[in-house]
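Note that subunit A is present in both complexes that follow, paired respectively with subunit B and with subunit C.
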Partner chain A sequence: MPNAHLKVWRGDTGGAYVDYDVEYEEGMVVLDVVHRLQATQAGDLAVRWNCKAGKCGSCSAEINGKPVLQCMTRMETFIPGETITVAPLKTFPLIRDLVTDVSWNYRVAETMPELKLSAPDADGHRRMAQIDIDREQEFRKCIECYICQDVCHVIRDHPENMEKFAGPRFFVQLANVSMHPLDQNPAKATVSHGFGLDYCNITKCCTDVCPEGIHITDNAIIPLKERRVDEYYDPVKALVRKVFGGGDKK
Partner chain B sequence: MAQATEVQQRYGKTQRTDRWWLEPVALGAGFLIFVIYSTVSGFNVGNWHYEAGPYLSPFFEPLINPSWTPEWFSPAIFILWAPLGFRATCYYYRRMYYRSFFMSPMACAVSEPAKYYTGESKFPFILMNSHRFFLYVALLFIPVLWYGAAKSFWMPGEGLGIGVGSIILVANAFLLMMFTIGCNSLRHIVGGGLNCFSCTNFTRTRRKMWDLVTVANERHKAWAWASLVSVGVSDLYIRLVANGAITDINTWTTF
Partner chain C sequence: MAEIETHDYDVLVIGAGGAGLRAAVEASATGARTGLVCKSLLGKAHTVMAEGGIAAAMGNVYSEDNWQVHFRDTMRGGKMLNNWRMAQLHAQEAPARVMELEEWGALFDRTEDGRILQRDFGGHRYARLAHVGDRTGLEMIRTLQQHAVHRGMDVYQEVTVNRLLKDGDRISGALAYYRESGRMVLFRAKAVILATGGLGKVFAITSNSWEGTGDGHSLAMQAGADMIDMEFVQFHPTGMVWPPSVRGILVTEGVRGDGGTLKNASGERFMFNYIPSMFAAETADTEAEADAWYEDRTKRRTPDLLPRDEVARAINSEVKAGRGTPHGGVYLDIASRRSSEYIKRRLPSMYHQFMQLAGVDITAGPMEVGPTAHYAMGGVKVDAETAATTVPGLYAAGEVAGGMHGSNRLGGNSLSDLVVFGRRAGEAAAQYALGLSTLPSVSEGEIAERSAAILKPFDGGKENPYTLHRELQDAMQEEVGIIRTNSEMQSALGKIDNLRERLGHVQVEGNIQYNPGWHLALDMEHMLLVAEAITRAAVERKESRGGHTRDDFPGPNADFGKVNVVVRHTAGGLGVTQEPLPQMPDELKKLFEE
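The block that comes next holds the complex of A and B.
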């Protein structure tokens, strides 16, 4: 069996990288190797994981500097003998080893507007056409691994922006509410105020790292920005509103 | 618990081991070459002709050359602000130049040098919201460019024909059209801004248009670069023909 040369962050912020050589077999992912390390050499290594199938979003880490899911990173993607650096997510407070405190995301989630559904039909049911809802199904794929939040430079390099910037994961959620065919929130509640949408400069790192392949920038953030442009910056729409008046929600 | 950025500073600028710098450097260099070329060419009208037979450089299409302008004045000034504004505020180009020129960030998970960051919430980058305005102008340019391409098949005094320049101008008009059609802002206007596609026949039609624009939008980066190269090549080719450096292969006898 070949050896993987791992460099794993150990300890809290006062910790350091520790080198390990761990045997691995064909077909293993990095999380398998980290588990073998835990079982054979570092029994106190803290690593968060759950499904090992890329669906729970627990094992997010930075492998060779890239935010990824450990369970979806196959060992054969590395050159044999290459040092594999495994670090915790760097945007969030470090608890220990590979585990960070991502609770900031839960606090942001509490600020998200809820769907305000329109009144049901006469028979008491609400109906949506597939053509209206299929665009949003992409957003439901989010597994809340927070890799997009981790890679976003708005908070990664400038943590002071965490007070005013919700981050890409929550822009997906805002888009989900904003585009919902039955939602009755006024546009301003979901799009324009309080979530720091205009701090995003479209560098698309969130899209690049999303393990679910959600087109976060093109299908959520830019459409939200465009809805904001509708309200404030479109010269033709402003003229139409001036002449004919204008509603809030389409 | 300490903020993780302290950890990041401790770790260094990035731990990426791939050649993350290659794309921003290559794209930034390519873009810079175009900006320098188009500035030099667009403003150089003295002895550097921009019309050759039925061909007119796209930097000057449509040709607006009033008699009151001084001799040194380039008619391209009436034209170039529009594509410049459209590209400068384009969502794709923003991604490219924020990475390549502002290093904000240069690549994903690579620390950026700026100490403060307000993104597009303040001047000057809040002006990126003018992209919608520039889109409206760019849409007007599509028929103008096709008119220029069609005109390139008609040699005054000789009539219908075809030359290498005609083919280049058709390709250029097509690529610029596809770049404009793939615009994220257009995608929003044609249907993306709706929440109910199924409500009326008109909204159903707009959904189909949204689907079509989405196809072009998915390759927006490719259209952006292809059209940038084509407009530069079109100008260069016509300039070289107009100034006698090369000869255009065509079906006409007097050109």
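The block that comes next holds the complex of A and C.
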């Protein structure tokens, strides 16, 4: 069995990287190696995980400087002998080792508008064509790993912006509400409120790291920004669109 | 006793998977002050991992479908051991619960005419599972989570309940700790709903996450609640088998529902050799008929979609007979049967999972699969209408509750179970709580004693909690796994005793802040109790049925078909008894006469 050379962040903000050698086998992912480390050398190593299959978004970390899911990063992607640095997400306050305080995201979630759907058809069903919800379903693939939040320079470099900027994960959620074919929210509940959309200068860093491959900038942020301009300058058009649906609301 | 952080609620919900979230929403809507606690972050519970879909007889794809057919499929899948009333309520109410999820924002895949699309799954006569590709659980938990956080309840994330508290016979609250700080927190509550999910982590090969340690099963037993059907553990036939680090990770039954087929090493579709007489009349016995069935429901269904217990045993037999794959599984082939585009559209996360974790392109070649410990049919005994347990004020819903699925659960029937009985538990618990004028009391002495016991793993032992866990998993896998026999189970009971003794000398490193080693040491107590309950119930049931197969008692036994095995925790340890099954009314019996 080969050995992996790991540098793992240990402790809180006053902590340091600690070097470990851990045996690993073919097919392992970084999370497996971290677990083996935990079981054999560092019983109290703090790390979050649940599904081990890229479905729950718990195990986000910065590996060799890149924010990824530990459970979807195979050991084979590293050069044998390469030192693998495993660090917590940098944008969020550190709790301990690889675990950060992501509660800000949950506070933002509470400010998001809820969907308000139009009444169902007489037979109780709601009819939506698959083609009209394909993009919506893309938004709903989000596993809330907060990796996009972690890389976004608006908050990574300026934590004070967290007060007024919801971040890419939540622009995806806003887009979900705003573009739902049956949603009846008035525009002010979704796009014109802004949620800090104006701070985004479309660097696309969020899209590049999304493990779900959601086109955060092209499919969510840019259409929201366009819509915001529309709604802002043409309230009548906005009203008509909300009442009668259709138009670009697809 | 040091001052302990305390919160008071009408209803405390333990668990934020589908069942807990739905229960909390309903309790809150009924007017109860509601608190919700979970071990992980919100939205990460097991429910998020569910793939294939949620079963509800909406009849969108086959208008012949209705609750009676769903009820019948569920009972037959459970080998008639199910609580008939739960199965009936479930079949009747599931469609409304699915529509409600849509109302709250869930976006299921659509039929041609724009309604909710339904897919085929094992044991379901008609295409019945509403789904979103193969990530239905994510859709469901996110919908419920977003709905819940706007309903004004308090959520405690990364808080683990360690004990339920009682005032005389009644429930009075729960004692828990924050994972982050290690500090204790006391919840005083008039009613408590357990929605803690499953127990797969007592087995070595499992589809379950770190949370599946059976805490709720154990908490209920320690509070004196009756448990039923603990011997029935579902081994899902298709878990990944290679590479070793992903062994057990689930491959959705949707692969077979969408046309995939099982083959042994020589390419034979072996399921045709394992059709049990109970399902012979409705199962195709030629490949041609099986393949035609996907499009034509006058044909009989493919044996690839027999209930899970049948398929898991068949795979086990093929591998034992030396007809398995190099890594000890069988092949699951959809590549040669469906177009690459279809596979990627219907099963995107399976495509992703195999590509990224195993380097296998499922649109080009077969997957290697084998059984994995997946679901606990057994659990806390509940009243069908209210989800009330045998302890006043304690309710249970979702995977932690027993009875609904009998000896074997059909795929898709869990997600629907969560919302049907989550809602019922929430309403009944709220009503019970609103009927009490004062909070029941908690015992200061008990809290002090427990708070001290929780810290014990920090001093003075030598046992590593990770090692103890591994040994328990290996013992259960080998001796209380898919095929069981009395001598092996007795050996497992001995090992459980030994592990319990060693757990008394467990030593954890570090301090109380976010310390997984410590948390595991505390979870081990639950896992040992749950493992013992499974094993004792399995020893008691001297027959083979559903998710319980005995080498020393092959085949079902009519007498055991009339009883539930009940496990009860008393001062003297775990006791096992048999209780007659509730009897179905005649008009429902008729459904089984055809």
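As a working rule, the second predicted complex is superposed on the first by the 229 of 250 C-alpha atoms of A that agree within 3 Å, B and C clash if a C-alpha of one lies under 4 Å from a C-alpha of the other, contacts with A are read in each partner's own complex, and residues count from 1 in each chain.
Everything that follows uses one rule, which is that contacts are C-beta pairs under 8 Å (C-beta built on N, C-alpha and C of every residue); 3 or more make two chains touch, one makes a residue touch a chain.
A quick note: this is a predicted structure, and the numbers were derived from the prediction, not measured.
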{"item": "First, second, both or neither for A:Glu163, with subunit B first and subunit C second", "value": "neither"}
{"item": "Contacts of A:Ile95 with subunit B and subunit C, given as first, second, both or neither", "value": "both"}
{"item": "A:Asp19 touches, of subunit B and subunit C: first, second, both or neither?", "value": "neither"}
{"item": "Touching partner for A:Ala129 - first (subunit B), second (subunit C), both, neither", "value": "both"}
{"item": "Touched partner set for A:Thr85, first subunit B, second subunit C, both or neither", "value": "first"}
{"item": "Which of subunit B and subunit C A:Val154 touches, first, second, both or neither", "value": "first"}
{"item": "Overlap of subunit C and subunit B interfaces on subunit A (superposed complexes)", "value": "95, 101, 129, 180"}
{"item": "Partner subunit C, residues of subunit A touching it in the complex", "value": "25-29, 32, 38-40, 42-58, 72, 74, 95-97, 99, 101-103, 106, 109-110, 112, 114-115, 117, 120, 124-130, 133, 136-137, 140-144, 176, 180"}
{"item": "Interface residues, subunit A side, partner subunit B - complex", "value": "12-13, 62, 64-67, 82, 85, 87-95, 100-101, 129, 131-132, 151, 153-154, 156-159, 161, 178-181, 183, 196, 198-205, 208-209, 217-218, 222-223, 225-230, 232-236, 249-250"}
{"item": "Residues on subunit B engaged by subunit A in the complex (per definition of touch)", "value": "1-8, 10-11, 14-18, 91, 94-95, 98-99, 104-105, 108-112, 114, 116-121, 125-126, 129-133, 136, 184-185, 188, 192-198, 204, 207, 217-218"}
{"item": "Interfacial residue positions of subunit C with respect to subunit A in the complex", "value": "40-46, 48-49, 60, 99, 102-105, 107, 109-110, 113-116, 132-133, 135, 137-139, 142, 146-147, 149-150, 157, 180, 209-211, 242-246, 249-250, 349, 352-353, 356-358, 464-467, 470, 508-511, 513-518"}
